[in-house]
Amino acid sequence: MREWGKLLLNYKFALDEVSTKLNILNEELQFIQNYNPIEHMKTRIKTPESIRDKLQRKGYAITVENAVARIQDIAGVRIICSFSTDVYRICEMISNQQDVTVLEVKDYIAKPKPNGYQSLHLIIEIPVFLTDRIVQVPVEIQIRTIAMDFWASLEHKIYYKFDARVPGDIGHQLKEAADLIASLDERMFALNERMQEYRLEQEV
Amino acid sequence: MREWGKLLLNYKFALDEVSTKLNILNEELQFIQNYNPIEHMKTRIKTPESIRDKLQRKGYAITVENAVARIQDIAGVRIICSFSTDVYRICEMISNQQDVTVLEVKDYIAKPKPNGYQSLHLIIEIPVFLTDRIVQVPVEIQIRTIAMDFWASLEHKIYYKFDARVPGDIGHQLKEAADLIASLDERMFALNERMQEYRLEQEV
Amino acid sequence: MREWGKLLLNYKFALDEVSTKLNILNEELQFIQNYNPIEHMKTRIKTPESIRDKLQRKGYAITVENAVARIQDIAGVRIICSFSTDVYRICEMISNQQDVTVLEVKDYIAKPKPNGYQSLHLIIEIPVFLTDRIVQVPVEIQIRTIAMDFWASLEHKIYYKFDARVPGDIGHQLKEAADLIASLDERMFALNERMQEYRLEQEV
Amino acid sequence: MREWGKLLLNYKFALDEVSTKLNILNEELQFIQNYNPIEHMKTRIKTPESIRDKLQRKGYAITVENAVARIQDIAGVRIICSFSTDVYRICEMISNQQDVTVLEVKDYIAKPKPNGYQSLHLIIEIPVFLTDRIVQVPVEIQIRTIAMDFWASLEHKIYYKFDARVPGDIGHQLKEAADLIASLDERMFALNERMQEYRLEQEV
């Protein structure tokens, strides 16, 4: 029990460090460019139960060592932004941080999941300074637009209500909604671009 | 200066009271029905400058008395929820509170503004208990869905960039985006309804 | 389990309301008199285990009804201030609030406990506005100075380490420390008074 | 104006980083040793006015460059703990952090100021990771006990009320109170030690 508690503590500290870092980057951009790409953020830590479930599903023995070695999304941050261009800017900004190592990038925006899910997923590693040593802790970062997030939260509710066996017609409607959201995001982005061009034209 | 400071303090206190109240209602529903209608909330207070501007625009002398008597949105709360049905549930929940008086309701969802803006606006009055007396303070509450809020925040940026003179083509595209959002909200709501029916069918 | 959860929720809401109220009063005084009597505040809710222990100790059956009827300190607020005169001012300020009913006052400053404990304890009742009704919820408020609080936190640690059987010599030293604290509080208060008089003399 | 804003932002970020670091260390000790040395913390940033005053007092031209080069307490953290042994433990814990450089230590506990002031002051430097570079930012850390802090906050009020010209008798009483506080801290510490020894004796 205590061993698992100690484990989760390091992930909690990693989230504290990542949150502080992201807030600093966002406030800096807000100040310099009067533009803050991050609408809001949420952090979560997997419960011991869900870590055990995941180890079991993957066919590993349930030990703290395996949790550390095999599961990379024990600590998670979700970043919500307005436009999909922001998604990539935030990703680049994180990747440029010298104390952050990017272990993996999965781009579900360029290539959505079959059910329609869109998001950019990073696995990064960040140093946590403990009283007597430094540990490198992996954190999953999910970056997506407001509209993608709206879709994902409904899909999540549906998925859990049906225990992962989503009936065909509902799955179909969900996919359609995802397409609608993608076209909304595009239109809002185009509108934002149009607005900025217009201003430049006027200033000439 | 000090008089305006004192004035704004009462509105700040009203926002503290309304926030506490809304959080309590949301947590109660979360516990009883495992359902929390409020996705998130933001509060804001008008600056003295924007109060003066509004008094001037309305043709009133700039005095604290006029601010109190003529402006009802000095303190504002914005509530974001998932579905438009939630918007009305939250409205009813607030209206049923015995210490709250609803002064005015404007339903821009049933009847959107010409530019496409959708939201439900309430002006309520809430008692604030000071050290030596009770004051009734008006608060504007705006309730809308995630999608409506996404649209409104882009429209707000555009409106301010163009100093309220939005060019025709951009205004037109904005209106189209609003229609798209309305149809997305409908579809997401239908999906949510369909999911709940399906569960009931299965349970029979 | 769920019944106890529901019970504790009401006490949690009462603490939210009391905290909001106390912060408002403190900020109001800060603004009007440039003086904030409250140094800081902490809230706590008894755990179900400690509620059951207390019911058992008092010889009552362990039921939610008995918890509500017999235990008045399920929800607690501790207010820390600089001087003992502030303790009584805060007490009066709370008592004057029209939506608060004071059920009981115990003055352990005028009459310290045998072990040296000093604090002012109030039991108040505050209305909580739920979705469908109003409930009156009791809250214990402990008000004390920084020095009294310092003593109390050490005494608490000692008491729990020795399972309430504090050895004679330690109990004796604790009592002496309490006396030292009382004399320190007096001296600091006198110093504060002296300072204010001096200013008035100079202004004449 | 903007230049000063940018300057202060870096100090604000340094405080965010230091706070995150200190909270992590405190939670780690809480978990490992069931002991948290930090009672509470406060952070503050000097206002542009007080930076200018300090530069002027020191005889430097009022420029952002001089602020950076000449003033090391623009960002400050105050850490309050129970016993003076904790003060030194926290100091050591901070000094051992690999990303922190200690620039200066002033021990006003071993050698109190003439007016009676006691505290341990550190100037440290901490890296802040901006979007495009890393900056090293100095932060002043003041560590003291609850009792020392109580004294310091009263002294501060007195000092400001008298514009630094504290009358002789008040200064004298203040010094006496400081001595009383030192003896209280000693007594509370001895009591805490006595308690721990007693437990060990019993366990033998």
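Order of writing sets the labels: A, B, C and D. Residues in every chain begin at 1.
The criterion applied here is as follows: contacts are C-beta pairs under 8 Å (C-beta built on N, C-alpha and C of every residue); 3 or more make two chains touch, one makes a residue touch a chain.
The shown structure was predicted, so the numbers you read here are calculated from the model rather than taken from an experiment.
Indicate the lowest number of steps between chain B and chain C, counting one step per move to a touching chain.
When the steps are counted carefully, the minimum from chain B to chain C is 1.
Please state the rotation angle, between 0 and 180 degrees and to the nearest 5, that superposes the Cα atoms of chain A on chain B.
Angle of rotation between the two copies: 180 degrees.
Roughly how far is chain C from chain D, going centre to centre by Cα mean, in whole Å?
Each chain reduced to its C-alpha mean, chain C and chain D end up 28 Å apart.
Between chain B and chain D, what distance separates the C-alpha centroids? Give it in angstrom.
43
What whole-Å value do you get for the distance between chain A and chain D if each is reduced to the mean of its CA atoms?
37
Where in chain B do residues touch two or more other chains at once?
Within chain B, no residue contacts more than one other chain.
Drawing the touching chains as a network, do you get a line, a ring, a star, a complete graph or other?
If you draw each chain as a dot and join those that touch, you get a single closed ring.
Would you please name all pairs of chains that touch?
A-B, A-D, B-C, C-D
Give every residue of chain A touching chain D within the complex, in rising order.
Residue list for chain A touching chain D: 5-6, 9, 12-13, 16-17, 20-21, 23-25, 27-29, 31-32, 93, 96-99, 128-132, 134.
Spell out the part of chain D that touches chain C in their complex, as residue ranges.
Residues in contact with chain C: 40, 82, 146-147, 149-151, 153-154, 157-158, 161-162, 167, 169-170, 173-174, 176-177, 180-181, 183-184, 187-188, 190-192, 194-195, 198-199.
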